[in-house]
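Shared chain: subunit A. Partners: subunit B in the first complex, subunit C in the second.
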Partner chain A sequence: MLFGLPYTNYVEYLAFLSVAGLTLLGGLGTIVARRVFPACLWLLVCLGGVAGLYALLAGHLLMAVQILVYAGAITVLIIFAVMLLQRHTGRIIMAENQHLIGGVLAAGFMATLILVGIFTTRYQPLAFGDTPATFAGDNVKLIGHLLLTKYLLPFEVVSVVLLASMIGALVLARQEPGENPGAAEAPEAESQP
Partner chain B sequence: MSPVPLQAYLVVAGLLFAMGLFGVMTRRHAVAALLGIELMLNAANINLVAFSHYLSPNRAINTVLDGQVFVLMVIALAACEVAVGLAIILRLYRTMGVLNPDEASSMKW
Partner chain C sequence: MSIHTIGVIIKDWLIGLLAGWGVPVELSRLLIEVLTWAVGAALCIIAIMLAALVFIYLERKVSGYIQSRLGPTRCGPVGILQSFVDVIKLLLKEDIVPAEADRVLHTIGPILFLAVSALAYVVVPWDEGGTVAGKVDAGVGVLFMAAVGSMGLIGIVVGGWGSNNKWSLLGAIRGAAQMVSYEIPMLLALMCVVLQAETLSLAGIVEDQKGSIIAWNFLRPWMWLPVVLFLISGVAEINRTPFDIPEAESELVSGFHTEYTGMKFALFFLAEYGNLLLVALIFSVLFLGGWLSPFGYPDPLRLPGIIWLLAKSLLIVLIVMWVRWTLPRLRVDQLMGLAWKLMIPAGFVALGVMCAVIMLGWA
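Right, the complex of A and B next:
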């Protein structure tokens, strides 16, 4: 006991503060980094922090999925695209911020609105305030069960959407026959057969 | 026993959302603007999990996990969105030679 609270609470608060700080630091780095590649790396930091928040909220499967899919697949996809664009342009692409005043005003207004909403809402005393539900260990099995019973239709629809977007991305990014990959900024380059 | 309050998670998610909005509005590079969209999606995901963890009615395990299933769906759709978005950016660059979203405002080509 320390100041009337059990030690586990201090551990929880400490863990929350560190992962929340990591999340916000990563988010800040993502939006202010001057080049795109470091911004992707800052996004990785932010996604790791969000995975920690999921773990604190008893979402162990979500933590794993977040790291596997978001950090492992989506960020790598973005980094591939950045490298492809750099190969096309032949220079490092800067990503400075523009319209700073408008951006700060809009984001500040949004943040104020959200914070006022959070602190003026009267949450129904359903479970808030007492111990949140904890059922470590059974999460994965229960989520799998939910996905195949209650959420079976959305689950299947998501897979169709994934297939459609994959085909769409292939069609969009395909190189047209006779199209020179660097034609946009170097028209005098020799054309490929 | 007083665990971390719900509002703490909501504040983190709100700040993350505002950051993502700033990134989308101010970035000069389309891929960097896409990173801002990812931040906003993650903020919404934090909110879904936090609300279902703290405020689920009747404490049945099935309803407590609803938010987590939603987040799984959102992550799958985020993967779709990134794939199509990057393909559009690549196509935009090849056709018009621009990467700044502001310069690609023409609806006719």
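Right, the complex of A and C next:
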């Protein structure tokens, strides 16, 4: 016992503080970094921190999916876009923001939403450092079962969203027959100082 | 005696020792828990280093044998000290960062590559007791391994980008495209094994194959296609010949690590050999019964499971080396064509066959 709490609680507390700090640091780095490529890497730190938070909450499946989808796929996608664009236009893309008011409004809205969510949820009272018996160990089967029975419709709707974005990307990237590839970007690249 | 039992004995001994010094049992349990994590993390890195030491020598000898040469003979008996000499040479080299390179990105590229490689070792079930932390992989080992594996290319991209060199960037882009493409057939092959074992845990997949060699996945006919797919995409994921276009020496001047010397170059190579061992380990776990003995469970020879696992992995590593020194490098378009036109459709066929097998109740 130390300060009236069992020792195990301090480990969890320290782990939480470090992971949460990493997440905040990553988020801050993402918006503070001037060049886009380092900003992507800061985003990676932030998303990895969130995965750590999931792991602390015993959501191991969620942690693995977070790494797979966000850290693995989304960040790589952004890095791809930056790499191809930057070498194509020949200039370093800076993170500029001309939408200060809109950004503040959006961030404020999201923060309010999250705060309302946090303070209106009725939590099951648990001892600090405890995990509910139902979540301990292998909960993958449970989640999979729920996804394919009770939550099948939302699951399928989400996949339709993905399909729509895929088709949208194809439409954007498609070239009309006879169109000169890269013609759209060329004048823009020359006009840069 | 399994590795896990040895760990428990050491833990109990340490608790007794600390209790003798007047440390409360609860605190000493906690300290030992933290120590276990630290040792586990260190073991992941040590595994990579040992793999690199052994595989560098093995690669030279195997390539020598295949090309009718002797390979290293001068350093120590039959050249066995060659790897150590290589390490010392790399450590003594000057660390050069190109003037136009991004100094920070140039440095964190190889570190990131190695860190990601080490992270995947966390879920490898070495023995019956489980992974390096002495615990099971929380039921998501396969997913975690795939997730971390997909992050490996970030290290390559950061290194290639940070070098600010056309060859490096081309190599990085090629590497990223290749790793993204070959991840799909690899995951499809993984899915078949997951469906067979009905678990996402790597330890659980080994449990599912419990028994002698007849019970292992590679002898089930519907697993033959996933075995081939996993081996090919595994070799492609770790950028080895015939899939080494990201570092093609003859066309890209070593690709993403053109601008690296000394220790940073060594970090890239450590990670590459670490990844080689990792793919071999995962292959052994998925299809060759992991730590299980071929003569049945429990092992009649009473050998620790880790020895069987390493023996199987060594076999896979030798096959991968044999392929490397036999086949020429693929062209970029051939490489992409192989992934998208042949292996991904084959992966879906394998998944369909697996589902049919489950529906028919043969699994």
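Keep this in mind: the second predicted complex is superposed on the first by the 135 of 193 C-alpha atoms of A that agree within 3 Å, B and C clash if a C-alpha of one lies under 4 Å from a C-alpha of the other, contacts with A are read in each partner's own complex, and residues count from 1 in each chain.
Assume contacts are C-beta pairs under 8 Å (C-beta built on N, C-alpha and C of every residue); 3 or more make two chains touch, one makes a residue touch a chain.
Note that the structure is a prediction, hence the values are computed from the model and not measured.
A.B. asks: For A:139, using the defined touch cut-off, is the partner it touches subunit B, subunit C, both, or neither? Pick first, second, both or neither.
C.D. replies: Both subunit B and subunit C are touched by A:139.
A.B. asks: With both complexes superposed on chain A, which partner does A:98 reach: first (subunit B), second (subunit C), both or neither?
C.D. replies: Touch partner of A:98: subunit B, not subunit C.
A.B. asks: Touch test for A:61: subunit B only (first), subunit C only (second), both, or neither?
C.D. replies: Once the two structures are laid over each other on A, A:61 reaches both partners.
A.B. asks: Is A:167 touching the first partner subunit B, the second partner subunit C, both, or neither of them?
C.D. replies: It touches nothing on subunit B or subunit C.
A.B. asks: Of the partners subunit B and subunit C, which touch A:119 in the superposed model: first, second, both, neither?
C.D. replies: In the superposition, A:119 contacts subunit B only.
A.B. asks: Which partner does A:111 contact after superposing on A: first (subunit B), second (subunit C), both, neither?
C.D. replies: first
A.B. asks: Just to be sure I read the superposition right, which of the two partners does A:41 touch: subunit B = first, subunit C = second, or both, or neither?
C.D. replies: So A:41 only meets subunit C here.
A.B. asks: Does subunit B (first) or subunit C (second) touch A:73, or do both, or does neither?
C.D. replies: both
A.B. asks: Please tell me which partner, subunit B or subunit C, touches more residues of subunit A.
C.D. replies: B
A.B. asks: Answer with first, second, both or neither: which of subunit B and subunit C does A:85 touch in the superposed model?
C.D. replies: first
A.B. asks: Check subunit A for residues that touch subunit B in one structure and subunit C in the other, and list them.
C.D. replies: 6, 61, 65, 73, 84, 138-139
A.B. asks: Touching residues of subunit B toward subunit A in the complex: what are they?
C.D. replies: Going through subunit B, the ones touching subunit A are 1-12, 14-23, 25-29, 31-32, 34-36, 38-39, 42, 45-46, 49-50, 53-57, 59, 61-62, 64-66, 68-69, 71-73, 75-84, 86-91, 93-97, 99, 102.
A.B. asks: Give every residue of subunit A touching subunit B within the complex, in rising order.
C.D. replies: 5-6, 9, 12-13, 16, 20, 23-24, 27-28, 30-31, 36, 39-40, 43, 46-47, 50, 53-54, 56-59, 61-62, 65-66, 69-70, 73-74, 77-78, 81-82, 84-85, 88, 93-100, 102-104, 106-108, 110-111, 114-115, 118-119, 123-124, 126-129, 131-133, 135, 138-139, 142-143, 146-147, 150-151, 154-155, 158, 161-162, 165-166, 168-170, 172-173, 179, 181, 183-185
A.B. asks: Using the touch definition from the top, list the residues of subunit C that touch subunit A in their complex.
C.D. replies: Result: residues 26-27, 30, 33-34, 104-105, 108, 138-140, 143-144, 146-148, 150-151, 153-154, 157-158, 161, 169, 172-173, 176, 180, 198-201 of subunit C touch subunit A.
A.B. asks: Quick one: in the complex, what on subunit A touches subunit C?
C.D. replies: 1, 6-8, 11, 37-38, 41, 44, 60-61, 63-65, 67-68, 71-73, 75-76, 79-80, 83-84, 87, 137-141
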